[in-house]
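Order of writing sets the chain letters: A, B, C and D. Residues in each chain are counted from 1.
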Amino acid sequence: MSRNEERIADVSGDALSEVFEVQMGPQHPATHGVLKLNLVLDGETVLSCKPDVGYLHRGIEKLSENLTYSQSMPLTDRLDYMSAIANNTGYCLAVETLLGIEAPLRAKYLRTMICEMSRIASHLLWIATHALDIGAMTVFLYAFRERELILEMFEELCGARLTPSYPRIGGVRQDVTREFMDRLEKFIAEFPSRLEEYETLIDTNRIWLKRTKGIGIIPAEQAIGLGLTGASLRGSGVDYDIRKHRPYDAYPYVDFEVPIGISGDVYDRYRCRMEEFRQSVRIIRQCMEQLPPGPIIADDAPDLVMELKPPRKVMAGSTGPSPLKTALIRLVEDRQAYMEGDVYVSTEVPKGELGFYFVSDGRGMPYRMHIRSPSYIHIGALGVICEGELVADIIANIGSLDVVLGECDR
Amino acid sequence: MIIQYKKKRGWLGTVFLVEILKGMGLTLRRMLSRSVTRQYPEERPEIRIGFRGQHALARDPVTGGSRCVACMRCAVVCPSRCIHIEYKKDEQTGVREVQSYAIEALRCIYCGYCEEVCPVNAVILTEVYEYAAYKRDAFYFDEEQLLKNWDRFIEESRYDPTKYVNPFWRPRGIDERTLAGPRRRSVPDDWKMENQWVGTGMTKSRKTGARCDVGGH
Amino acid sequence: MELLEIVEKLREAFPGEILEWIEHRGQMGVIVRRDRILEMCRFLHDDSEIQMNHLMDLCGVDYGDRKDVRFEVVYNLYSIPLRHMIRLRAQVPEDDCRIDSVTSLWTGADWHERETYDLMGIVFEGHPDLRRVLLPETWEGHPLRKDYPVQGPEKEWSGYEEVKAVARRLKKYDFYGAAEWTDEEESRARAGEAGYVKE
Amino acid sequence: MVIEILLTILLIVVVFSVIMLHVAYATYFERKVIGHMQVRMGPMRVGPHGLLQPIADGIKLFFKEDVFPETADKPTFYAAPIICLVAALTSIAVIPFWEGMAISDINIGLLFILAMSSLAGWGVVLAGWASNSKYAFLGGLRASAQIISYEIAMGLSIVGVMMMAGSLNMSEIVKAQAQSPFGIYAIPQVLGFFVFLVAMLAETNRTPFDMPECESELVAGYCTEYAGFRFALFFLGEYVGMIVMASVGTICFLGGWTGPFEVPFFPIIWFMLKVYFLIFFFYWVRATLPRYRYDQIMALGWKVLIPLALGNVILTGIMKTFVWH
């Protein structure tokens, strides 16, 4: 009998106990967006926790079936808006795999560098909200101080802070500037000392340890079965990082380590992410040193205004390209631009494994795009993890799984 | 790599609340240091060149109107389909004349695709970021309003309109020939591919490029 | 293990179940019949040389024009210890839109299958809790099917009447401008009150 | 007789308005201190450096719509915030701000304050129950358990002081402290002082013991359903409670109105400085520490603080009998 089951048996055997239901969310300060949890409580013990999602569903998968490959790219910014560039990169890699294009080396390095920056930005938001949920308010603002620096660098790089749409299919949008690199150099030189500030406040703090150690334990086998990925899986001691397992972009050329947890509780997941900060800094530094000269976008990269091949057959009921578009369709005779077939490409975004499954029918639009978003699966697992724990532990668990509802609901 | 825990605190640390006092020391130190926030309306943020803000149509200094040639590339590429163009085609010459050009700013997702594909540097997302209004109608920018937006941008930023090049019109570090368009502005020198920043770890030495001075910034 | 070897092993274990295999961009996709999908997944999951312990993705695809096998349920499997991936594509006909659930193998398949049911309308048999997940319980249709239009006629949300009836009952707070309703609206709300409002 | 009554009423009015002003600026002080600890500025807009912010807040809260949940228990719902505020304000009556300056210098001053702070807990519990909302209910339950447990710890921590001073009268306690080193009891009573500090935080529902309102779990706990004016009463009650607790700490452990030297014309200065230091401590802890879990607070209270306070009582007894007599 597991610890959780014991607790449930403990309270449900009590004749005096009275069960009552609480709907936590979708407007609740600690549910990170519009997550709703249907809780059944006995006193403060959670008997069952059923997450209810979909409040932010925008139908990105359906939308993308009517947009060209490059047009869908800005939509992926809106998945996990904490680390938009990582999503863009994952999307572009999937389309590149589908079309058989390879980005030039410089673009690969740039993407890797920027992805790691967005990983830092996303993890900063995670530590901020996680600590705030547990009550350490100051960490929140210290983390935002650093996040602001990264967002300003993104603005310098491509003109937008939150939704940069920086990578392009077959490369990146524009080159880095000298000012950008100087700022980045300064940032990564200073960042480790800032990390220590957060750790001074929470890492060894006895209250923090009490709130996180031994809470929300997920054994390794269960974690794999639940489909957890990213730091949430690695906290349970499973060595699965797509950057190592199926390296993409410049990850094979840089040297870094994957932090693995021991006991799989909230504290271990927290430690894993704190280590990932340091590894990201290491990767960025190596990318800056190794950044090769060369073009930043592949020669055979598709134009933004994509040539649409006529569909094999217009599906009954589907809207198809607009009349305006059919007027502009230009046939590409010399090159089979868009292969028919399907690919599944996943990348390691800050939240876990973000996968794109494409089915192409040979047109410039995906026939079917499916997004495997880590947050969706993590929220699905939340109910299993929270059962038998206390109300306050739900908050710690949500924080430690690092979910974002934009990505969950798509 | 297995994660390392911090050293467990000893009984002395437990009794004298060492880690809590350390944390309190940090917050006290930070209280005495300077705050990092910006007092917004008085202190303006520094907006970098290429920021994707309010939409505008660049005003042609010669004609006084927009440079748009109604090629429809922006309307086609727009993911949220917020650009509406109507044009009339001259049967003999084949030249298109813009009848109306409108952008629905509330539908726009500010991806910058439109300015990137524009062959004549007409449409632009300016660095203006304050354009709140009380009515939704105010965000339906017609051609006249878009030209006014451009005037406002030039006035506020003090760029020289004849020299200004937006990084989205001509992305840095991209080969000139991949972005063909005869009427496009040429790239400032340090945006050229030869002047790109190269890591020190590579054999090629770091090149020094002068900072691009665009207009009178 | 080579991808082709896996397919070969699978073919030996389940003769006649495998229809086709396609290698595209270095990824192996195996098109299979749906009837023994659970056993097939269990084989892939448990075999010591394959060990597909990580269900990366599960989704449905609607091939609208193929009436006999209109849907496909796609399983992207990965083996964390052995580092190989394979894709199973199980064909599901339109008139009998159901397939066995794999939640007994991967707990995480739970939400994947709910999503597929919600958006594609494929029923997973043996699933513990097959409800809509992203869309409201009262939603009609399955939006990711190809015959579901991107844009349809505007129609009032079915729960709106209920909201208005509650607003009517709480008239003194007047959140919905109920005080300014016409007589007809009022009577409709009253009529709705008995049926809609659960006390 | 009549003149005496009028004078007392005048004194009450003066003290009340001064305390209310202090409460208002305690909120300002809190926002500024925590703001600067979090590398930001705090309120800056209303008046120079946001100095008029508390007044703006007050006006806003008092003119907001009074929302009343339909299913709430009306009389209790209305009474709860008033109980909280009145209990906190009544405690002020027995606090001597400087020599002889107390509205009523009664002999059982400390006991009276402990009684009143328990009464404030009653208001919180009633608020949670009367709201008929689940979050408020949980908050109320937590409050009842927490305040009762920490009441014991706090009472026991002060017992040492009572034993040393030999009196429950606040003025007597201050005067008795003149004999101890630096004129404060915090040194001989260091253990008691520590327990008192922790219990003080818990008693006023401040971080890390803000279980009853705990915004990340229970939205706002017992005051979830309160808005506008009634919320403001709770808010005032909490801050008056902080001032009372800080005053008790100052009187019992930090030597009250005495200081290293006399300040002419403004004898209250030392008292105020000490009270503000303790209030600053409240804010400082809030800016630094995460929040305990509900059951962990109980464990801390019963398993650590109460034994510690008991030990302190025994130790003081031994010292008083054999060493200090």
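We take it that a residue touches a chain if its C-beta (ideal position, glycine included) is under 8 Å from a C-beta of that chain, and two chains touch if they have at least 3 such contacts.
This one's a predicted model, so the numbers in the text were calculated from it and none came from an experiment.
In terms of Cα centroid distance from the overall Cα mean, chain A ranks first.
Judged by contacting C-beta pairs, the busier of the interfaces A-D and B-D is A-D.
Of all chains, the one whose Cα centroid sits at the greatest distance from that of chain B is D. Note: centroid distance chain A to chain D, computed from Cα atoms, is 45 Å. Mean C-alpha position of chain C lies 56 Å from that of chain D.
Centre-to-centre spacing of chain B and chain D amounts to 52 Å, using the average Cα coordinate of each chain.
Between the CA-based centres of chain A and chain C the separation comes to 22 Å, rounded to the whole angstrom. Contact of a single residue of chain A with at least two other chains is seen at positions 138, 142, 145, 201-202, 205.
For chain D, the set of residues touching two or more other chains reads 37-40, 287-289. Residue ranges on chain A touching chain C, taken from their complex, read 53-54, 57, 59, 61-63, 65-66, 97-98, 100, 222, 224-228, 238-240, 245-246, 313, 315-319, 339, 341-344, 346, 353, 355, 357, 359, 367-368, 370, 372, 376-377, 379-381, 384, 409-410. Residues 34, 37-40, 134-135, 138, 207-208, 210, 214-219, 286-296 of chain D touch chain A in their complex.
Residues 20, 23-24, 26-28, 30-37, 39 of chain B touch chain D in their complex.
Across the interface of their complex, chain A is touched by residues 1-6, 9, 14, 19-20, 22-23, 26-27, 30, 36, 47-48, 50-52, 72-73, 75-79, 109-113, 116-117, 125, 167-168, 171-175, 178, 190-191, 193, 196-202, 204, 209, 211 of chain B.
Partner chain B is touched in their complex by these residues of chain A: 67, 70-75, 77-78, 106, 109, 138, 142, 145, 148, 155-156, 158-160, 163, 165, 173-179, 181, 197, 199-206, 257-262, 268, 271-272, 275, 286-293, 295-297, 299, 303-305, 324-325, 328.
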